[in-house]
Every structure is written in C-alpha cells, then in structure tokens.
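First chain A sits with chain B, and in the next complex the same chain sits with chain C.
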Partner chain A sequence: MKGFMGKILRIDLTNRSISTIDTKQYEQWGGGHGMGSAIFWDLCKDKGIKAFDPGNVVTVMTSPLSGTLTPSASSRTEIQGIGPQSWPYEWFTRSNVGGRFSAMLKFAGWDGVVVEGKASEPVWIDIRNHKVEIKDANGLWGLDAYEAQQEIWSEVNDGENYGTWNQVGTGRDGGRSTQRPAVLTIGQAGENLARNAVIMHDAGNAAGQGGLGGVWGSKNLKAISVIGTGSVEVADPNALLQARIWLHEGYHYNVDEPIHESPVDNMPVYGTITRSPGYATLYIPYTEPSRAKGCTGCYNNCRRKTSSGYSNEASCVESLFYMTEKMEDTHKATDLLQRYGINVYDIMQHGYLRDLYMRGIIGPGKQIHSDLPFEKYGELEFAEALTKAIAFREDIGADLAEGMPRAIEKWGLLDDMNKGLVTFPNWGYFEHYDPRLEIEWSYGSILGDRDINEHDLNWLVHWMPLVCDAVGQEPIVSAQRVAEQISSKLVIYNDPMMLDYSEEGIYSDAKVKMVSWHRHYTRYFKQSMLFCDWAWPNFLSVNNPEMKGFTPEGEPKFLNAVMGTNMTFEEGMEIGRKIWNLDRAIWIMQGRHRDQEVFNDYVYDVPTSAPYHLPIFKDGQWSFDVNLGRTLDRDKFEDWKSKYYTHEGWDPSSGWPKRSTLEGIGLGYVADELAKNGKLGRE
Partner chain B sequence: MTKLSEISIEQAQSFTKMVGYEDRMTGTTMSGSGGNKHVSIYSIKEMLKFLFVDSFDRLSQRGHGSTISYLNLDELIRWIAEVYEDKELADAISEGMSNADNYAAKIEIAGNLLKERMQQCEEILK
Partner chain C sequence: MANVPRKASRRDFLKVGSASLIGLSVGALFPGGKWLDNKIYAIPASGGYLLVDTKKCAGCLSCMLACSLAHEGKENLSLSRIQIMQDSFAGFPNDITMSQCRQCAYPPCVEACPTKALHADEDNENARSVDIGKCIGCQRCVEACPYDSGRVVWNHIDKHSQKCDLCANTPFWEEQGGVNGKKACIAICPMRAITFTNEIPEQNDRGYNVNLRKTAAWKRLGLPSN
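And now, the complex of A and B:
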C-alpha cells in the first residue's frame, strides 16, 4: 500500500537501543491512532501500570496522508500512551498536534516513533533521514520549549542559518534542505512531571491533553528532532492533484473573490465556516500586522504570525487563557504557557482560584497558603507567577501541577466541583461544551478517556445559531436544513433525528447512532488518517454556491489517490469501529467498567443558566432552542448507556465487548486476552 | 440616551469598590473553539471589561476568533440596584434595554451607561 514509508522507529531508552518495526504489520489500522493503539496493545505488556512507569509505551504516529498534497491532513501527528492527566484514573489516552513534524518524519523515511523505557539521564533523539542517535540532553534540560528548539535547530545545522541550502548528514546521498528540523519538545512543566504538561512543536502547536509531556519528562526525554530530505510516494499523483483542485475550487475560501464576503447580503458566515485565512487565532486584533500561517500542506492556513512575535501560531483556546487590559499582555500570557509547556485547558479555570482567594480560602496564612499575587489578578504579573509556579512546582503550583482536579481534591473542595463552581464533567477534564446538552461531545468523552475536542457538529448545531441570536439575526442555516443536510452525510444511518437535542432526543435510539457514528468517524478519519479537526468532516460549506459539503465524498477520494486502494467511506467507518473497540479493550484492561462512566454531580443536578442553542424537534417542527434550565437525568442516561453498549456489541451490564463482537472485526486475539483476565462481556 | 445625575464622592467611592464573593456577579464567556467558561465579576471595572460582544461583521469574518460574554441582564440590573445601591443607573439600564431587540444591543446600552457613570466617578475622585 502506498503512502507508508515502510518502517517505524522503535527506541528503548532504558537500554538506549534503536530498532525498527515493519509498518506492514500494522497497515490494516490505517495510521496514526489506530496504528498507535495496536502497537501499544502489543508492546505494553502490563496495561495496568501508571503513566510515569517506565513500562509506559508512547507512540508518535503519522498517517499515509502525512507529507502529501492532501489538504488539511498532511501534517498532524498522533501521540498516545497512558496519560497522567485524567482523574481519578490514568487512562490510556491520545493527543494530536499540527505543524510540520509528521510530514518531516515521513520525509526522513519513518511512519512513526515508538518510545519505551526510561533513560538514566536526560536525552533527546536526533533523526536525520535514516540516521538516528540518542543524545545527551543535559544542555537542554531546564530550557523552555522555545529555547530548546532553538538549541536543537542550531546543533543540527552546525550553527548555520536556515533559509539557505544546508547539507543533511554527512553522506553524499543525505540530501539538502532549507528547512529547520521539526522538533517535539517539553518545557519545564514536563521535566517536573506536571500532569498537565504538553509536548510542544514550533511556536504554537501542542499535544496538549493527557499530560503526555509529563510522561516524556518521566522518561528523561526532552525532545525528538527530525530533518528529512525524501518524499512520500503516492499511488496516483494525478488523481491526488485533481482531488485537491476539486476541493479547492468547490469549497475553499477564495481570498480574491469570496462568495460570502458580506454576511448580511450573502449566505454567510463566520470564520470557521468560511475558513478565511488566519481565523483561528482568537485574540490577535486586526490592527496588529500579521500573516496567515498553516501546517504543512494545509489549504486553510488558520493560524497567524504576528509582527510582535507574541502568540505566534497560537490558535484555539490557548489564546483565551488569560484576559488582561492590554492585548500585548494577553498574548504574553499565552506565550508563557507555550514556553513552560502547560496545558491551558487544565488551568483555564484560574478564575476559580481567584474565587478561593476572595472566599478567604487561598492566600498568605490561609487554609491553602499561597504567596501568589492574587491582588494582581487580571494583570500579567499574576499570570507570570501562576505559570511559573506550576512549571516549577512552587507555592500552590506544586498542587496544580498534579492537575486542577487533584489539587481540588487535596484541598478538600470536591463539593465545589459537585456544585459546578468549577467545571470538570468527566475524567478530570475541563468542561468544553455543555455536557447536559451537546451530548455527542459529552457522551463521547465519558465513553472514552478525555474531552474529545472534536468540533465536527458543534459549529453548525450550536455556535452558528447562538451567534446569530446574540446579534439579532436569523440563523444563517435553518434548524431543519441543519438536521437534514448533516444527517444526509451521516452514512450509514442518515437519520435526521440524530440531530435532535431536545429533552427526549438526547436519550433516543437516534442519539445512540449519532454517538456511534461520531466515535467511529473520528477514530479512523480524524485520528488515524489525521484529517484536521478544523477542516474535516465538512457537512456544509458556504464557499460552495449550493452550500454543499465535501463529506463523505472527499475522505475516500484522497485516501484512495494516496494509497492506491478502492476503499469506501463505509469501510473507513468499519476500521474506526475496530479501533474504538481496541481502545475499549485497553481501558478495560486498565479497569474500566460501566459503573465508572458517570459524570460529575453538577451535570445531573445544576441546571443550565446561559442560552445554549441547539436544534430540537418538537411538534413536528425543527427549531433552535436556548435550552435553559436543563440537566442530564441520571436514570435516563444509564438507560441510554445500556442501549449504546448493546448497539456496539458490548455487554450492557459491564460495558465490556463480547467475544462475538471482537471476533467479527478481526480482534479475536484481543478477546482472548480479555477472557484471560476475566474481562470479556457476556454474550 | 438618559443623562445620569451628578453623584457625590461617597457614591463614587461606593461605585468603584470591589465586592465580596457573595455579592459577585457571574457571567459566561462563550467562544467558538473554547466553549463556555464561567467568570466571576467583582467590580464595575471588571463588568465593563466583561460586557462585550463582537460586532456581526467581526463574528462573521472570524468565527472561532470571537467571543460572546453572556450575563443574565435581569441579574445585572438587580446587582446595580442592590449591591451598588445605584437605583437611578439600574432604572436607566432597564429602560434603555427595553428598547433594544437583541442581546448585543442591550449590553451595548448597559455598557455605555456603566461607562458614563464610571467616568463621573473618575472625575469626582480625581
């Protein structure tokens, strides 16, 4: 199969040994997550270990599409392993990072990197095409993520400048490159085993959720650097190019002649829908000179590089970390996170810490002693003190580096969490979208290991009508059209009721199908083939004259052009189902049971208090409702879980897969292992 | 728009004070990528910083890059009247908002009146 480079780098840090795995063994999993889970299953013999145990296996995987012309799918990297962030259990987890790394790793000739064991001293891994070395990182340890990358860039190129042709390696076939090496690294937070530490890449890309930066720290692994001068062989270059042109011409935001430049006169809308360049960087004002920046091969280029250099490449929620009076200070606070390598989501609710200060619970000589300058909350000084404290485990940062939920537990304040004063609905992850309402997000999260962070439906079903209402406009797309158009693309179910978020709808059989579709789609297309979350799937594009979306036509079009297969969308979904089952088996080996899959109390007990627009179907009509005063019903959710488990072929009494289910998707060996451990679902 | 009456030094001092935890206002910051986040507001200054909705054009162009700060507006009026004991301002906000037909327009009115009162305070406390 084309698109693969044929080998995966395997590194045992304990023995400092370097070997290879033949990619062919794992090609059936697609790439990325599927491949990572399969390798983890095979190599992590005791899946009950803790995240910081040297036996934890970390996989860093590319996909067949990495390094190709596939738009918004050419350079995402999937990183997996047992994560220390989730609470109260350390689940096997995943995180995904954009930038250049994945493409560069392919150009160097590798489909992935597997890291095992623990080095006795800090090390970094230097990959220059096929040559791999484990190097002493004592000179890098203690540097922040930006400094560490700069040091490595300099060392790899013998201090020469980038931007001109430089020799890679010493052999005559080494090739030349104008590029800097692509580096994944941890900051000080990872070195100090923070459970909320990320793995950084370039200025604003992070594998953030899961705490895998702390896992690297526990392995004494500072960084992986790669420079490659090769290319990826694709099955049908012409078909791939034509597919890209098809997508570009049919669905891309045209900067010269945008179809929806004016939201009032045209069908509209919004940066996420129009995909106008640079839309993803949240708090960079138009007044600051900047240019769009994308990951390798992207056609959206959603990030930005700024004239000041602050918040470069930052996107999504890290730009919202800390609001100050001065825009520049807000950007500097974001940069602090990136440099120390801290996961913004875990400390996003720093306002709760301030509430504790105002309640007289935190402060000098208080129940929770702290010398942090809370009186400076809202100014940069507080953000500097807070991030430094976490990165170096100082002051209350020693507790917060354990992750905010663990800190709250240690402080004896779990009741605050139960009341929703601080919101961690599942597994100790921050509330992203409302778990009482937008349920393919929350149900998908509780059935998995983390906050799923998959925006597939979110923009159209929630954000679009909310924004329109807030500014006094009619929804750009009606609730009926949202339900009908999206469902027409939810192959194989195609049931509009999958989009019903009413009080009855969220417990329905249709929502069983919705969650199942979502879990299978994302596991294969998004996390294994590494289509970017902010571009795929595409249910509706305002850049298309008829507002068509390119899902489910686009995904197989690109896969087949690269790999030379005749895969259908449905076949991809089946691989997603297989991966979802393998992940399920890993969690079960870690101790998962349906009884654990319950939300924090506030989700059931505290009604929603802010408008939260979602489509509902009532009295034969679709409309967008604000859904105030809603909670999740415990009993109905438990009933829904039973229906879902049954739908997936899992035992509803335990949530464990049945042998017949696993054997039906080629996972008989997984069933054997579960049976050996008394964890196989009853038929 | 209603012109607010002059205020005393004592009133200005009261209006610019921070309130305690029990008297705080809570709002919700909504962003396209980050979801919703609860925010505690302890002063009028913080309220002015919070009361913000991007313009429709800006929302249209930026999507993820935009934020709506949501408050229960009845609660805001109660907060001004009861916690800050500024009945005149609360009434002015209430009356002004009754003429607006969407949330963004309402909080713009509220924000402008709060700003006007804050400027009066700053002037008198110079």
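And now, the complex of A and C:
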C-alpha cells in the first residue's frame, strides 16, 4: 500500500535504545490515531498507570496522506498517550498538531515515533533521514519553545544560515534541503510537569489538549527534530493532481474573484463561512501588514503571520486568549503561551481568577494567597505574571499548573464550578461550545476523554447563522437546507432529524445515529488519515453556485489516489468504528464505567441565558432558534446513553463493549483482555 | 508562435541592461563599455517566465508538492524545482522566500554545462532545460546558478541535475505543459501567488517578484495590497 514509509521509530529513553517497528503490522488502522491506539494497546502493558509514570507510551504518528498534495491533510501529527490534564481521571488521550512536522517525518523515512521510558537526564531526539540520535538536552532545558527550536535549527545545520541548499547528513547521497528542520518541543511548562503543558511546533502549532507536554517533561524529553530528503510514494500521481485541481475549481475560496465574500471588510470571522485565507483569528481583524499562512499542503491557509512577528501562526482561542485594548499586547500575550508551552483552553477562563480577586478570595493574605498583580488585569503585565507563574509553578501558578479544575478543587471552590461560574463540563475541559445545546460535541466529549474539538457540523449549524446574524444577514443557508444537505452526506444514515437540536431532538434515536456517525468519521478520516478539522468534512461550500460540498466524495478520492486502494467512504467509517471501540477498551482498562460519563452539575441545572444559534425542527418546520433557557435533563440523557451504548453494541448497564461486537470488527484479542479483567460487556 | 525559437529582442535586451544581474555586475555585461558579447545572442531567450508574489504566498508548499509529483511521480521537497523557504518566527514580509527558476536571459547554468545537457529547449520555446541523458552529474550547473537558493536542483536519488522546464516534461501529469501549456505550481497554488508571462522580466528581483494582490477582493480581506 502506497503512502507508508514502512517503519516506525521506537525509542526507549530509559535504556537510550533505538529500534524500529514494521509499519505493515499496523496498516489496517489507517495511520495516525488508529495506529497510535493499536501500538499503545500492544506496548503499554499496564494501562492503569498515571500519566507521569515512565511506563506511559507516547505515540507521534503521521498518516499515508502526510507529505502529499492531499489538501489540508498533508501535515497533521497525531500524538497520544495517557494524559494528565483530564479531571478527575487521567484518561488515555490524543491531540494533533499542524505545521510541517508529519510531512517532514515522512520525508525522513518514518511513519511515526514511539517514545517509551524516561531518560535519566534531559534529552532531545535528532532525526536526519534514517540517522537517529538521542542527544543531551542540557543546553536546551530551560529555553522556551521558540528559543529551543531556533537552537536546534542552528545545531542541525552547524550554525549555518538557512535560505539556501544545505546538505542533510554526510555525503551528497543524503540529499539537500532548503527547509528548516521541523521540531516538536516543550516549553518551561512542560519541563515543570504542568498538566496543561503543550507540545509546540514552529510559532503557532500546538498539540495542546491532554497535557502531553507535561508527559514529555516527565520523560526528560525536550524535543524531537526531523529533517528529511526522501520521497513519499503516491500510487496515482495524476489522479492526485487532478483531484486537487477539482477541489480548487469547485470548492475553494478564490482569493481574487470569490463567489461569496464577507459583506464587511477585514472581518476574518466571516471566513468560518467562506474559508477565506487568514480567518483563524476570528474576531481579530488585520491590524498590521500580514500574510495568510498555511500548514504544508493546505488549500485554505487559515492562519496568518504579522509584520511584528507577534502571534505568528496563532489561531482560534489562542489568538483570543487575552483581549486587551492594545492589540499588540493581545498578540504578545498569545506569544507568552506559545513560548512557555501552556494550553490556552485550560486557562482561558482567567477572568474567573479575577472574579475571585474581586470577591476577596485571592490576593495578598487572602484565603488563596497571591501576589500576582490583579490590579493590572487587562494589561500585559498581568498576563506576563500569570503565564510565568504557571510555567514555573510560582504563586498560584503552582496550583494552576495542576490544571484549573484541580486548582479549583484544592481551593474548595467546586461549588462555583457546579453553578457554572467557571465552566468545565466534561473531564475538566473548558466549555468550548454549549454542552446543553450543541450536543454531538458534548456527548462526544463525555463518551471520550477530552473536549473533542471537532467542528464538522459546528461551522454550519452554529457559526453560519451566528455570523450572518452579526452582519445583519439572514442565514445564507436555511435551516431546512442545512438539515437536508448535511444529512444527505451522513452516510449511511442520511436522516435529516440527526440535525435537530430541539429539546426533543437532542435525546432522539436520530441523535444516537448522529453521535455515532461523528465518532466514527472523526476517528478514521480526521484523526487517523489526518484530514484537518478546519477543512474536512465539507458538507456545503459557498464557493460554488450550487453550494455543493465535497464530502463524501472527496475523502476516498484523495486517499485512493495516494494509497492505490479502492476504499469506499463506508469502509473508512467502519475502520473508525473499530478505532472507537479500541479506544473504549483502553479507557475501560483504565477504569471507565457508564456511571462516570456524566457532566458537571451546571449542565443539568443552570439554564442557557445567551442566544445560541442552532437548527431545530418544530411543528413540522425547520428554523434557527436561539435556544434560551435550556438545560440538559439528567434522566433523559441517561436514557439516551443507554440507547447509544446499545447502538454501538455495548452493554447499556456498564457501557462496556460486548464480545460479539469486538469479534465482529476483528478485536477478539481485545475482548480476551477485557474478559480477563472482568470488564467485558454482557451479551 | 508555439515552437518558434525566440531571440532576445532589442527591447528585451534593454530590460536586461536596465538592471544588474545577480552574480553578474553591469560591468561584466558591458566589459570595457562594450556591447554584449555575441554569445548572449547565441542562447535565445526563453519564451516564458514564472513570476511570483512573495507577499501573497502562504508558505503551504503546495507548489513544491505539485512540482515533485508532476515531474517525479512522488512527493519530495528536495526534488522540487521551485523552493519556498520560511521562518516561522520572522515578521512579514521577510519570513518567506520563493525561489523559482528565472529562465535567465544569460543563463550561467547553460554556460557551465560541459555536455550541453543544460540547454535552451527549442521544442519548448527555449526554456532552459536539462537533457537527463546527457547529464554526467558534475553539478557545475548547480554551482553556477548565482541565486540563493540555487534554481538548478541536484536529484540525489537519480544522480542528475534538473530544473524548471515550465512543466514541458511532466510524465506523471496528463496535462499538456510547457511554455504554452499548464504549469503545476500555478494550477495548484491556492493563493494565486504564482503566474506566468511571455515577456522577459527585468533581470532583478523586482522583475520576477510582482504584485498579484491588486484585486478589490484581496483588499477587502484586510491583507496588504502594496
């Protein structure tokens, strides 16, 4: 099968040994997440260990599409392992990161990197094509994520300038490259085992969720650097080129002559509808000369780079971390996160800390002593002090480095969380979208391990009507069309009621199918084949007159061109189902039971109080509603869970898969292990 | 006009003379204040040129992936005949450099080749191209290119030089390429940051790095158009 390089790098830091795994034995999982979970299952013998245990196995995986012209699927890297961020349980988790890394790893000849054990001293891994070295990182330890990358760039190229051809390795047979090495690294937060530490790459790419940066810190692993000059084989080059042109001509935002564009100039957030370049900062317009910026192989190029260099490549919430009156300070605050390597989602609710200060709970000599300059809240000085405190575990940063939910628990303030004064609806993760309303997101999260961060439906069901409303437009796509067109692509179910977010719809059988489709789609296409979340799937595009979308045609078109297979969309969904079951088994080995899959109290008890656009079906009509006054009903959600478990072939009394289910998808060996541990669902 | 060799016109020549070539001073072009040597006329001008807009480029490297795929049938950044170099931490516009072959009016790579493997291809309106069958792998052409990064690419796998032929020879892409055909990098660039001209550009950066951001739609995005 084309697209694979044939070998996975396996590194045991304890013994400083380097070996390889034959990719073939894991090809059935697609790549990325599927491979990572399968490798974790095989290599992590005691899955009940904590995240910082040296026995934790971290996988860094590419996909067969990495390094190819497949649009927005060429360079995402899936990183997995037991994560310290989730609360109160440290679940096996995942995060993926864009940029250049996975493409470069493929060019160096590797499908992934598996890291085991713990080094006795700080190290970094230097990959130059097939040559791999574990190197002393004492000179890197203590540097921030930007400094560390620049230091490695200099080391790999003997301090020479980039911007020209440089020899890779020794001898001209190794080839030359004009590219800088692609580096994954942790900042000081990871070194100090922050549970909210990320793994950074380039200026604005982070594997942020899960705290895997802290896991690298616990292993004394500072960075992995790779530069490669090899080739990724493609089964049908012409088909891949023509498919890319097909996508450009039919679905791409034409930067010079767009079919549909924002009615307001310099309004990036409208790009959530059009996919105009540089839209990833959402509410932050261009305030200085900039360019759009894309990950390797991207066709949307959602990020941006600025003339000042501040906040380069940052996107979404990290761009919006600390909104101040001075835009330059906002950008600088974002850079602090990137440099220290802190997950913005965990501390995005820094306003709650200020609330505690105003309530007289935090401050000098208060119940929670802190010398942070809360009087400077809103100015850069406070952001500097807060991020530094977390990265170095100083002041209240010592608690916040444990993740904000654990800090709140330690401070005895869980009641605030239960009342929704600070919102962590599932597993201690920040409220990304309203868990009472946008429920394929919240249900998917509570059934998994983290905030899922999968925008598949979200762009059309929520952002589109919201943004249109903001600019004084009627929704450019009606609720009825949204329901009908999306559902026409939700193979194999194709039920419009899957898109009904009404009070009845969110507990319906159709919503069981919706969540199941979503879990299987994302596990395979998005997290294993590594199609970018911000570009795939494509249910509807405003960049063609008919508003056609390229899902489910596009996914198999590209992967078959690269791999030389005849895979159907449905077959991909089945692999997704298999991966979802394997992940389920890992969580069960960690102690998962349906009784734990409940939201924080506020989700059930505190009604929504702000308009929140979503389509509902009421009295035989589709419309976009603002859904005020809604809560999630505990009993109805528990009933829904039972229906969902049954749909997946899991025992509704425990949420554990049945043997027949696992054997039916080739996971009999997983069933054996669960049975041995008394954790197999009843038939 | 498709296959007619195109000589440098006097107008083109004046453009050449209007600026110094990188690596070749004006003095070198006009030794002792004399007119250009006849050998310049012996290498007819290319019938076409890639132009880029480095301020429009998004650094996605899609052009490199397309170039490698169309020519080599596989993905390899090191084999791409157009190179995009970038620094994540640098500020716009100095963070990205686009390096495309200039199809030089006076091509040092052609001059340096001892076997005439690197030649003006009459079948492709004199685009400077490598006849791989004649290439002996001496890499003099690679060294002769005066630009950073060099526009003649050393194929370390098959051991020969190669360079931009304006997609005249793309065995892995069904489209008709060449001076009068499609070019993979242009077709694939999502930012429309690469274009093509038949007119010989000024032989300096300004001639090859042009402003493709003058549309009203671009300005409405909030991106700089100057």
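General remarks:
What we mean here is this: the second predicted complex is superposed on the first by the 665 of 683 C-alpha atoms of A that agree within 3 Å, B and C clash if a C-alpha of one lies under 4 Å from a C-alpha of the other, contacts with A are read in each partner's own complex, and residues count from 1 in each chain.
Throughout what follows, a residue touches a chain if its C-beta (ideal position, glycine included) is under 8 Å from a C-beta of that chain, and two chains touch if they have at least 3 such contacts.
This one's a predicted model, so the numbers in the text were calculated from it and none came from an experiment.
Three-chain overlay on chain A, with chain B and chain C fitting side by side and no clash.
Residue contacts after overlaying the shared chain place A:610 against chain B, while chain C stays out of touching range.
By the document's definition of touching, neither partner reaches A:56: not chain B, not chain C. Residue contacts after overlaying the shared chain place A:426 against neither chain B nor chain C.
When the shared chain is aligned, chain B comes close enough to touch A:354, but chain C does not. Applying the stated contact rule after C-alpha superposition, one finds that A:528 touches neither chain B nor chain C.
Angle at chain A (Cα centre) between the Cα centres of chain B and chain C in the superposed arrangement: 100°, in steps of 10. More chain A residues lie in contact with C than with the other chain of the pair chain B and chain C.
Contacts of A:455 after superposition: chain B is touched, whereas chain C is not reached. In this overlay, which is a superposition and not a single complex, chain B and chain C have their closest Cα atoms 6 Å apart.
When the two complexes are superposed on chain A, the residues of chain A that touch both chain B and chain C are 268, 276. Interface residues of chain A, counted against chain B in their complex, comprise 263-264, 268-274, 276, 279-284, 302, 315-317, 320, 323, 325, 348-349, 351, 354-355, 358-359, 378, 423, 431-434, 455, 459, 463, 466-467, 469-473, 609-612.
Residue ranges on chain C touching chain A, taken from their complex, read 55-62, 65-66, 68-70, 72-79, 83, 85-93, 95-97, 99, 148-150, 154, 156-157, 172-174, 184, 187-188, 190-192, 215, 217-224. Chain B makes touch with chain A in their complex at residues 20-21, 24, 28-40, 42, 46, 49, 53, 55-57, 59-68, 70, 72, 101-105. If you check the complex, the residues on chain A that touch chain C are 67-69, 71, 74, 100, 103, 107, 146, 149-150, 162-165, 172-180, 202-204, 229-234, 237-238, 240-242, 244-245, 248, 252, 254-258, 261-262, 265-268, 276-278, 285-286, 289-301, 305-309, 312-313.
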